[in-house]
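Note that the chains are named A, B, C, D and E in the order they appear, and that numbering of residues resets to 1 at the start of each chain.
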């Protein structure tokens, strides 16, 4: 990691603090609306974005990612690196130092014991910790002294910033959660709803799935912050209503994740009270090709398993033609506008990991696609308008979750594919089922009982290692693994597996970047296993009077809420 | 028979029609009669003969539309009931003229206590307080022979037997000491032994209270027992009108005569076969142009089809609407 | 009446137990998983652990009796303890929501005020509007008022709330800026101004919902009035010299209300769950919204408890409707 | 009865029809409406037995029980020599053509959604294998027989007047050439001028087809006209049964006397002369009949024994049966 | 009825003619019937006349306004090729309204018929057989208490694949949705029918049929069912309206038809976001739903009056 840029970023973000703001609580009330309502404020019991982000106003990690994806210290004095000695040379331990004089919102001091407790809390096997993967490979967390914590890993960790960095693993107070370890975790309703934290705000009232009332933390480390005295954090409804409340009626100051069609968003912005803001991260809307046969004629247990390759998607030409036929700019125009850009990459950022020469798919090429199919022997031999070969018709079942933009995409792609002689049947599934992972349900994205499916995915933080490692041979969901697994396409290439292993052992940032780009190209350009469509940015909306907002896709959007203020 | 007494109610030329899809049904056609103080006028007729409609027309109880009173004059208490205001008419209804209906099962409101329903007209017409009305209601119940009246005031209609319910109806009708009581088939729905009870009660009450009564029925037997004068209706018209003895002994209209014959006697000689009036009672659509009984009449003449009979006086207080009695026709025939 | 009530209550116990079982199995068979709302970045094995921590590792024949025990024994104990300071519950596990990890009943209790205020008020408003419309429509059958009332109530019945609600918001919140588009559930009425605010934020959801209630209840009222206006006792009342207002508003109305009151009672359960769409549109986070979020999040304990409470309410309201029938109509005695 | 030259077509022995009353939380049987509480009589071939009584006395129930439209509580019913008191309904179906019924309310007893033809044809559909043409022919014959114009076969009952509807009901009853017809108040709902038409028709048909009638009515004068013998019912029991002339001339039972005297006479002179026996009070509830004689609560000639002991129903005078303590032999 | 003198001379009439005569006097009902016929024809025959594929994307011609906008806004983008305009993906709105109407009406009719069949069966059985009454009514309570959403999800899970295999994807989901709506909306019909059957069972003509020896099966088909027809017809009209609305609510909750399968409810829901900019997109489907429901309700009103013998009598 380039520590220099990281540190520069931190300084830059701190410099945002406006000079005008002098007094804590002087700007009165702040209204935030999230159209998904937070149900709990303990990030360790819920991985939901709405829960993580609302909690980020209250509990804080040692370090956060800023809007450029760089780590900036929050509770920590500085970011430990190999360079400053914070990370051991063999990459097996990291040592954090807390800022001195930090206080919990109840006035008690923050110590390294709290940090150690946090690890203990999440690593308890019975607790069902949602962030357990952050603590993967952690051997021990020791409090060296009141302000020093040492995390030891069982093997070298090129990226040791899993625990205690980012919105997913904030520090919780040992005193408050002492009786909530393991199986008792869910019983501590008070603690889960009103955690004591170090963040700029303190919960005064929490109504699950509805609304959170907060007030400024009187023990916040910066005496001039936050500018707002109270916060109402409303949840529920839909993105349209939230956008309307910020940009048209002005009832709210900040609305999260405006998943709206660009023309709708633009129309709202004409309201003049608020503006949409956007930023890009690693979220890629993509089409996944099923390399195995999902036919319902196959016996249960063999359907969509590697035992049966896909009748036509196993042919690279078909996959390639399908990708070529898609007009990505049109999709962006219809579905995302300024909140999206066409991409051919699975890993669109950070810059160092993003493949630059993989741009072949950006222009639609219907003729090319047709030629490709003709060449590969896929022609319409029976005159029904659908290409076929050896009795196999190019009929595709295309599934995705229920969502307005995805449905528009489906319709557009169906249309594009029909132009190259491919028939598409659309199916949209309730998101809770589609992403539910229930092994008993045929409709999960893991089971992939369809030919292609569309969804978006990204990786945590800035490091794509785990993300790319998912496509290992044998990592596919299958009956033996209760249909769990992240290799959705059932991709298998020993050469790719070798790259995974190499990446796991490489610490050099440039080398890592090169490997990741290579892997990205293998999955996309070279095999068309994954057909990325849109690099989806995050669009939120803020009131014109709200200042200090820096949209951040690498951490919680509310990461710098302490710096927000009312423009006079 | 209180002959010579002044009429309390005088009806002249009453005409009521119903507008239906099939046309205008002339339910009451030029009906005239009067009622003298203290007498009991029996009105006999089959269903559809217009007897109930006549009485309801008097007090504006018909739903309008579809009903419409085309003509007539109803003099009561010095005013024409067809012309007075709705409010005046309401004072008459239940106050000066009481009404008893045929079916005591459905004519009482099922959700109000009997005491409440009796007290209602008392409070409205006599301005009684709740307490006074309750006391009077109890008296009335006792008057109509309901045992244990005080307790039963709070009972609901369904807790009474049919006969008792009809007594309650009578009590309601009598509540404000009406000058006239109109009883529309009050015993038809009752058993004979109960009917006998009610008839006796009515006679008793009439003696005690001295009101004039119009008694509508289809049962000639009942009429024979209680009426002073009888009016026979058919097809919306009065076909015969006579003092009771006269009517039974000397019926002039073929309908009356036939009707009397069709009824088997309980004590007289048993006929081997019942006399029959063939055919069905008519429904008069459009203004009548002929005798309504013409089609069933054994003595029908050609002229019956083209002329509407009016009521011809044939004796003291006895008239009939039959062309056989028309002096003109008689003269022609003669 | 007492034995009738007792008998019906006794009979409802097996019915309710069976209903509980059917709902449970329905949720059990339904696809979907409480982990579906977790981001895809959380690895499957972590999700599996979380799932186990929720108790989903146990088979249904363990979880169903456990739920029954929690619902019928543990929860009442907690209420008792809370009311009298005893300690019968002794820390026994309550019914815990998968999503919020808090006792389901606490959340339901939190939601009740909104639901009662907005949805309940809309029901009352709807009924209060419906009754006069129904009465006048019937009394003046086929008049202009009747036709208009019918037309308006049918429009109310036929326009989906996700349309009428948004339309109201666009007009009154966005264009005119008179009314807030988002309901503030934390608002407390303490003085005139706060009361006015409460009124302002309630008026749109209440009207959208009331329109539907009005449509249905006024139809029933009209039909029932029409039935009764032709009854013999009406003629009797008129023959007694009663004024039209007494005849209609007392004699006829009292009889006509009998079936309508039961219809109204039977509609009450729908208050608590039926306003899902309207609640969502106006962000009135009441029980309907709670149920739909729980359903989407596969929060089985929450869904189970709410639907079962609704079932209890339905069965209870059926019983109450029957009893009301007996109370209002002296002819009916259930013994 | 033994000296009767005709044989009994229907014989009813101590038939009871109790409708159970269930109350309480567990719906246990706590009582019964004793609608018919032990009645015994014979109906001779070709005769008309009049069954009179006031509403609620159980006469209609008795009529239906005789036809086994109910599953009777106890007793024996013999129909043309066959015991049908406890035959299950499925086997009874085959006996149905022999015994038929004419109902009180010609409006309610005809299905408003069926044409006249369909109504009269229904028994033929159920019990015969005639062709459609034969059935149509038979229906037309029946309509002729009851004096209905065949042209109206395709009309619905609503288009007919009360008297004509009753004729439809009679035609339906006749369709299967029954021997025995229960006429359940067939004229009660008809206009005076129509009643005679229907009664005459019934008499004509009886003569023509040799029918046997059980004629249930509350109209004593009509019963006097049509019946051969008359039974008087009160509160579920027969209190008196006698030849028509005997009963109307010299009734024995105090209830029969009161009933006869209550009938208004359509003759003003007579009506005002006769001294009526006015019964006091109402009929007791059949679910809770009084102890002893059922009539003891209203009987003008009540004795102490009447309130204790139920009187025996027996032949007091030749061919005149009564159940009253006044005629105890001692 | 006393009007036999007239009737006897008139030609024999089926009683349905009387019903029709009475029905004709109800203006609303006649309007409703006309509209229903119009909209049905519009949806059934319309597509073959109009001939534009409702799913055809024409992204260049997206967001076209209906032609009438030309009257007040000359700068609007409109064209005779799309008289009602196009949506945000350039699909022809008129074609979609037609296609959506086909599905909405089909859903309405079939779900209503299904609910009627179930409701009537349960109601008749419960009303006629005293033994079944208790259990069937408790069963009705049970279904009333069932949450529709999980029920639909379970049905989707259990039956979608077999239905899809048997009937194809569109018919499969159609059957599922119709069944879902049908089996959750029969309870009112069942209660009403039960009440009526219990009342009719006491009528003398049923006794008359018993005295003939008519067995239960024919008793139900011949005597009971024809006589409970009027409440059934009335709940049928209400059921049709409710089914159309329920389908649109399902679209709102994301449980409806696939995205390329328009229904009025879905079109309406999808257009709500652009209500201010393109009001026509909500007005057309909204009007279609409302007017259909309205006319069906009016037909129900007219039918109820026409089938009521008391009203028909005079």
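FYI, a contact is a pair of C-beta atoms (placed from the backbone, for glycine too) under 8 Å apart; a residue touches a chain by one contact, two chains touch by 3 or more.
In this text, all values refer to a predicted model and were calculated from it rather than measured experimentally.
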From the C-alpha centres, identify the chain that is farthest from chain D. A
Applying the contact rule given earlier, which two chains have the most C-beta pairs between them? A-C
Inter-chain centre distance, chain B versus chain D - centres from mean C-alpha coordinates, in Å: 32
When the C-alpha atoms of chain A and chain B are each averaged to a single point, how far apart are the two points in Å? 91
So how far apart, in whole Å, are chain D and chain E when each is placed at the average of its C-alpha atoms? 50
Taking each chain's centre as the mean of its CA atoms, how far is chain B from chain C in angstrom? 54
Which chain A residues sit where two or more other chains touch them? 430-431, 433, 441-443
Note: chain E residues in touch with at least two other chains are 2, 4, 153, 156-157, 272, 276
What parts of chain C, by residue number, touch at least two of the other chains? 31-32, 174, 295
Considering only the defined contacts, which chain D positions touch chain B in the complex? 54-55, 161, 163-164, 191-197, 199-200, 203, 218, 220-222, 224-225, 248, 258-272, 276, 278-283
If you look only at chain E, which of its residues touch chain C in the complex? 28, 134, 138, 141-142, 144-147, 149-151, 153-154, 156-158, 241, 245, 248-249, 252-253, 265, 268-269, 272, 275-276, 282, 286, 289-290, 292-294, 297-298, 301, 304, 310
Chain E partner contacts - residues on chain C that touch it in the complex: 11, 15, 18-19, 22-23, 26-27, 29-32, 147, 150-151, 154-155, 157-160, 162-163, 166-167, 170, 174, 223, 230, 273, 276-277, 291-292, 295, 303, 307, 310-311, 314-315, 318
Which of the residues in chain B come into contact with chain C in the complex? 56, 59, 61, 90-95, 98-99, 101, 103, 106-112, 120-121, 124-125, 156, 158-159, 169, 172
In their complex, what parts of chain D are in touch with chain E? 64, 67, 69, 92-94, 96, 99-101, 103-105, 108-114, 122-123, 126-127, 149, 151-152, 154-156, 158-161, 164, 169, 172, 176
